[in-house]
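Notes follow the structure.
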Amino acid sequence: MAWKDDWRRVRAIARKDLTTELRAKAGFNGVASLAVTILILLGLALGPDGEALRNAAVGAVWLATLFSGVLAFNRSFQVELESGALEPLLLYPGPRWTIFAGKLLGNLVFVSLMVAVVMIVGIVLYGITIPDRWPTLLGVTALGVVGLVVLGTFYASMASRSRAREVLLPLLLFPMLVPVLLAATTASKALLGADLMHESGAWIRLLIGYDIVFLIATFIAFEHVIEA
Amino acid sequence: MYQPPPRASALFGGIAFIAVIAAQAFAIMTSPAEGDMGHLQKIMYVHVPAAWMAFISFFVVLVFSILYMVRKRENDDLIAASAAEVGAVFTGLTLALGMIWGRPAWGVWWVWDARLTSTLVLFLIFVGYLALRSFVDDQSQRARWSAAVGAFGAINVPIVYMSVKWWRTLHQPPSSPDTLDPAYTMGLRLNAIALLLVTIYFIRKRYEIARLERATEHLAESVAMGGK
Amino acid sequence: MAIEAEGLGKRFGIRWVLRGVTLNVRKGEAVALRGSNGSGKSTVLRILGTLLQPNAGAANVNGRDVVGQASSVRLDVGYLAHTPGLYDDLTARENLEFAADMLGLSHSVVQPTLGRVGLGGVTETRVRGFSAGMQRRLALARLMMRTPKVLLLDEPYSNLDESGIALVNEVIRDVMTSGGAALLALHELAPAKGIIDRTLNLADGRISTNDTALLETV
């Protein structure tokens, strides 16, 4: 059954990526530490006034996520390039989208764990009180993470194989993520407050639309960009 | 087989430039001085059409990026790249003129209004596209990657514009040079048409240069492959 | 004809590495492709293995075009690259289990294959701790998990001791006897003695055929 084989490949790649990341010395711990460090530095730069910090919290969390996310995305392809494993990977039978889906899944788990850490640290450092509508807040965050990981994984598949990957990935990725950043931060801020104008709904719809559009687009385009 | 551009191309260029001068002269002389802005408002006769040209260029990038992914014809990639270069210049021009208008009008060089901000993001997307092309040496890979990045960037433009606009509706935007008085419409349309001719001329010229470069590479190929 | 290549050209930047490579390999034949470092041997193998697309010329494996019918070609080809292409932080067993998952094979083939290449005792060791020779054996094991019809081997004997070399030749012989073919990129012919039917020389981006039977070596 072709479906089952493909799904098996997707799972195998995700499992392989997560295992290598968790075992690698500078893996999850390194990336999460960077995110927390950014959060701390932003706190120092924007504080110490409690009010200012509370207002900046959402932005700080998302910036820390974006900057450390870039590291995570490059690493997910680095593991193939370091050992020359990309060639054998491309030689296995089966459709290419399984490679993208596997990497996507691995990155989703990785970045979600990282965001969880960042949010907890952010709540503590920036003096956030957990709002009533926290499930919706989590939903908004999840939608934002999906958008981030879909485009981050896709662009990293190219940038990590080019000459200036540290510069190229953020340069390509960040302008693309402007809608995600605006939607996630504005909706989150509204939900942390009372969301009197019910604006979070519109932003959530934007995020869903964005995620769907780019999920489809990246899956279609991956074939074209993965070959040497 | 490479063919040098016909004489008609130079003639077209000449006409385009004359058109711009004529349209500018018409607009400047026939439009009244506006309220407190005085003649400063006339900057929009270049600023607004330039913005339109930037968006048109981006549309060309989108169309030819998709065409390349479907047809894999090298010329499609070259047209997209030429349009991207021209679009980048027009976007930069739009931004610069917007800021030049803004300084006396608002007292500051920059405000985070919807149009300026999304134009800035658009500019960054163009810059990323061009940076990608300069960092990838292999022609086939460069074309495929550019097509994906160009298409995605173009798809993102309306989403970016929409999200920045929503982001800004919470605060009253200051009046921008784009708020139109019917007295200006005719001048604006004429300038738009004139600038469109110039855009087409520039894209064509850039494309010709790119074709010349490729022809040289093909010649080198025949030399390398020829003879036993 | 197992492998046919006609006028292959490939450039990297402005440098033309292959400038019209024409060769063929018949079924049941093992051919050596000899050339100095940087002569483009790996490039030829990678084009035949569908990893690279040529800038000029065409090639097919078992009658299927390497560009247009790449996915079919991949089913037939067993490619051993110069770099092992293994995951350093996974164990030997995990590396092969990953390959099994990607190939749609059961995990039960992993243990016997590891035994066959002499790595039965180190299955739980991470590849990071392997010597170059052990890594090559593992890469060979990965190749052996299915039965390719056409072998493309890039310097398969490097870093191997006598038993390793014998193992490679055993694999090649197995493929030959089942009607397959092999193309080996080598810069030294000695280990392939007895296996190779023909040698091709790659120089200046082109083939100069040298139908030497391997009686002349040593």
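In order of appearance the chains are A, B and C, and numbering begins at 1 in each one.
Following the convention adopted for this analysis, contacts are C-beta pairs under 8 Å (C-beta built on N, C-alpha and C of every residue); 3 or more make two chains touch, one makes a residue touch a chain.
None of the values given here were measured: they were computed from a predicted structure.
Farthest chain from chain B, judged by C-alpha centroids: C. Interface comparison, B-C versus A-C: the pair with the greater number of contacting C-beta pairs is A-C. Chain A and chain B have Cα centroids separated by 31 Å. Chain B and chain C have Cα centroids separated by 49 Å. Chain A and chain C have CA centres that are 38 Å apart.
Annotation for chain B: residues 137-138 touch two or more other chains. Counting only residues that touch two or more partner chains, chain A has 227-228. Contact with two or more other chains is made by residues 53 of chain C. Chain B makes touch with chain C in their complex at residues 137-138, 140, 220-221, 224-225, 228.
Contacts from chain B toward chain A in the complex involve residues 69, 121, 124-125, 127-128, 131-132, 135-138, 141, 144-145, 147-149, 151-153, 155-156, 159-160, 162-164, 166-167, 170. Note for the complex: chain A touches chain B at residues 151, 154-155, 158, 162-164, 167-168, 171-172, 174-176, 178-179, 182-183, 186, 199, 202-203, 206, 209-210, 213-214, 217, 221, 224-225, 227-228.
Of all the residues in chain C, the ones that touch chain A in their complex are 46, 49-53, 71, 74-75, 77, 79, 81, 83-90, 94, 98-99, 101-104, 126, 142. Across the interface of their complex, chain C is touched by residues 5, 8-9, 11-13, 16, 19-20, 23-24, 79, 82-94, 227-228 of chain A.
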